[in-house]
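Order of writing sets the labels: A, B, C, D, E and F. Residues in every chain begin at 1.
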């Protein structure tokens, strides 16, 4: 918040107004409403839950669809364009976990291993936040760059590796082999479907994609709504843990995305992305992983308390980004673009 | 049957003919045929079965889709219109379980607790029967009122509460707390998805619904076919229990829907519904719950024999309504409308 | 391969070129690419896997969709036309397992029971191979006969029965009742959905099919892609068994489909099928069952080693047909048609 | 390796009883529970679910006294009217102090 | 709480055997059975399913005699050619008269 | 029917440990394993999964020595930091020679 006021004071009033509009439009989107319904259902102690296999099936579908579409678009984009944004993305993957770690240690006084574990999550990315951001910027009339899904794939692993490395240094096990765990991240469901989808999409091209488009594109947003309903249930399930994690982690889960989101939108703008693309990159940087990072962290840093990193990323940062963060990063991106 | 002949003799011949046509059209719909295929498969002792998680996933999808669409339509309907139909629906929710209970006690000489347990099921409603009825009346050219899904939500709980109350009175445990169980009905999957969908749909409106419409509306009928295939398997699985339940329950499972269906169509007509809407309300009143009611009854009235209520609602009344009841209630509704 | 060169030398050059084109088009289709991604994922030891219930649900969907569409088309086709192709199909169902058995015994020197078990698989058919073949010939501009799905249903069981019979003769248990197991094949998921779908489709016709078409046809190819991803995972899982099965079975799994495929395309052409239809019949004959046959064989011939028949049909013949076989059988069919 | 002799109580019941049984187990002193989904057949065959034959299989590691309490409670409250079976087995538990 | 000492037979087998095993169990005198789905690995590693490693895990509470019959039957009919493992455990069963 | 007295080790753990536990079990001499999916609650309640409460339930039939090794290994490597419970039970195994 500090950032927006000090850097660009003059565009203040107009943008503030339109931010409120954006926020309202976002709040009434079926995605945010479905998430809210999930939260409400859990608070009412409903037995509603997507069966585990359906939840996994849906997440496979969403990731593969994301990759496919990205790949098809990639096959039509001039490849050189992607270079600068890719560098910016990798830089974000290194900088954001370090920033998060420093804040957690200095301001939060967390144990090094807990700080590192959380940093690994905030250095990585949430695919659903990416999807929500892309859907949002498209809804407000932007046409984000076709290669953003490629950036998503690039941003997943570096942050996890940096976080794990910080944790191993902190627990004086710098000799511990991270290789095995990082291999599992690289070959994990998320990466494989995303990168695999990109490759399949790029190879098969527009004509190959056409017959499968009704399934992967026509159903995409509806399926996303159902997935967000379940995400609401899962996030709300963790709300009761907030007591155990304390107020600092709540503040962290709201403030750090704003910092990372501004950083991402700024880096994206510098790298030549459109306001829509920069906003999505901001949302990626601001988001925290809750699928790929947790098992990697659990295996490598078992002393870290999982309640901390899961509650922060799933119950605080994810909803914050979905509801308020994404419109905010778009507002940042438009400011930076001027 | 008695009702139709005595009340409106003059319109007899024309409507009888068109009822035969309607019945045939209904029998050859993919929904009824898929249900029949499920029954056949079970009779042939096939190993065909939708996996449990897929079945649950499908039912979540159908209920949420129902709610969403209803909510979007609601957001465009003048709200006052719904008042009389809502009152009629609540009245049906109180009257139908009492009628069912009286018939079961007087004519069937069932134990009070068994009569109450069955009454709870027939006082509530089957969402799939509702969907089938709505699909049917649309197929014959009617445009049922947009707020019918709201009535569906209103009809689910009162009948269960009345049935449970009768059962507790009968077992002299009037002091037993029904509150907990009714809270579970209210926060159960069915209610939450339906009411939640209504709210999400109403808030997001036409423009928010548009991008998710291909998923929730385009796929709806195809998914329903698959669901009915599984319903056929489940219903046929219970057919062998008919021996144990005896002929009275079979007669009850066919006759009471006709009575409740006529009552519902009549009440709907009185409340100002179109023939299509009154037919759907008739089908709702005629239907028996087999998802929300069973666990509530099992928890509160454990002495009641589950074979009775599950066989009656799932293996007798559900198929009867699907195959013959719905066209019949539509025929009632047209008679009453004249 | 021998066959193509010796039988029709003069059309050699043109067709060879276009075969290469077809092969390339096939390789870049999303279906083959998705299968390849699955193989790759398993080789990278990824944890990616479709949940079992989703896999079963998808296969139910694909088979039922196949039957439904076939039934609707059947309801519009002159029924007499199907007679000769049906006879040809049944003949293939008897001849192909005998050919396979002879080759396995004479050239491979396998135990009689193992030879019979494998023959049962190659005498039956893989529905996914059928779908891939139909998709392929449609993509190259053919319009295969509408009743091919009916032939698929006809080809499933005879080969299994012949294979089991050979096995029981070989193990001197000719008195063993095959009836029970064959009943399970006839009422198994595959047959029921396929034949049931055909009947439902034929009865409901074009007008009944229309509202469910977006689900069963619009989604079909996309769902197929996801299914083939999982098939790639399953096939690759068996690759490590190739060491145990030895080089003969690998050669068998590649050569016998070519022989059966040529036979099928030739029989189809004789029976009056178009090149597209004959190619699909060739692919059916060339394919090996891996869903219906394994449990039947396991129950009746438990002494046979499952690793042999599963690896051959799933890890060798299925990928071969998907990648190279189908274009080849189409090339055969065009040659035979001249 | 020091193992603690404790009791393993296994309860197979109708799914509708899940939340009630879990609440009871905790109230009776169980330190935890493990549930797997099951299906099955028994003598009563009555069960209130749209999907027939489904069940839940609960396992609880507990001290002999707690195990006795659980077993007595299940026998009294659930046996008369619900499809339930329960058995007890002697087990040696790793770091068993935790579960007493 | 009066508990009856009985036997718990656990059989892990290939899914293809489900209906046959259940039929056999009833014929051998079992009053019921509980099944959970499993996966696993063993020494034989042969299994006829398109999904490798899947299995079923059957539990039967029975009298010592019935348990013996079940175990002997499984050993004779299924061990030679199928991927099966079976073990028996002494358990104390609530209202155990029912299951004898 | 000749039964072999062996040990049944049951381990309930976080899903994230599956591949590591299976690797360890084989290295410690287990001839096989059976896994069922579970959910549950315990005293620690910490678990790293987006779906709370999920677990895996591993069963291993083994000789007393192997069982001891497994139990000791689990206690040392997994108890301090992971949500794990393990118990051992005496069982009579059909054709038990195979699993020693």
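Going forward, a residue touches a chain if its C-beta (ideal position, glycine included) is under 8 Å from a C-beta of that chain, and two chains touch if they have at least 3 such contacts.
Note that the coordinates shown come from a computational prediction; the quantities given were computed from them, not determined experimentally.
Undergrad: Spelling it out: a chain qualifies if it touches chain C and also touches chain E; which chains qualify?
TA: The common neighbours do not exist; no chain touches both.
Undergrad: Between chain A and chain C, how many steps is the shortest route if every step has to go to a touching chain?
TA: The fewest steps needed to get from chain A to chain C is 1.
Undergrad: State the chain with the largest centre-to-centre distance from chain B, centres being mean CA positions.
TA: Chain centre farthest from chain B's centre: F.
Undergrad: What whole-number Å value describes the gap between the mean CA coordinates of chain A and chain F?
TA: Here the centre of chain F sits 36 Å away from the centre of chain A.
Undergrad: Between chain B and chain F, what distance separates the C-alpha centroids? Give it in angstrom.
TA: Using C-alpha averages as centres, the distance is 47 Å.
Undergrad: Measure off the straight-line distance from the CA centroid of chain E to the CA centroid of chain F, and report it in whole Å.
TA: Measuring from centre to centre gives 20 Å for this pair.
Undergrad: Counting only residues that touch at least two other chains, what does the list for chain F look like?
TA: Touching at least two other chains: 36-37, 89-90.
Undergrad: Enumerate the residues of chain C that touch no fewer than two other chains.
TA: Chain C, residues with two or more chain partners: 51-54, 214, 218-219.
Undergrad: Considering only which chains touch which, label the overall pattern as line, ring, star, complete or other.
TA: Its topology fits none of the listed shapes; call it other.
Undergrad: Output every touching chain pair, sorted by label.
TA: The complete list of chain pairs in contact reads A-B, A-C, A-F, B-C, B-D, C-E, D-E, D-F, E-F.
Undergrad: Can you check the complex and tell me which residues of chain A touch chain F?
TA: Residues 52, 55, 234, 237-238, 290-291, 294-295, 297-299, 302-303, 305-307, 309-310, 314 of chain A touch chain F in their complex.
Undergrad: Sort out for me which residues of chain E touch chain D in the complex.
TA: Listed in rising order, the residues are 1, 3, 6, 8, 22, 31-37, 61, 89-95, 98-99.
Undergrad: Which stretch or stretches of chain C touch chain B in the complex?
TA: 51-54, 56-57, 60-61, 64, 68, 184, 187-189, 192-193, 196, 199-200, 203-205, 208-209, 211-216, 218-219
Undergrad: Touching chain D in the complex: which residues of chain F?
TA: Result: residues 12, 36-43, 55, 57, 68, 71-72, 74-75, 79, 85-90 of chain F touch chain D.
Undergrad: Tell me, which parts of chain C touch chain A in their complex?
TA: It is residues 28-30, 33-34, 37, 40-41, 44-48, 50-54, 214, 218-219, 221-223, 225-226, 229 of chain C that touch chain A.
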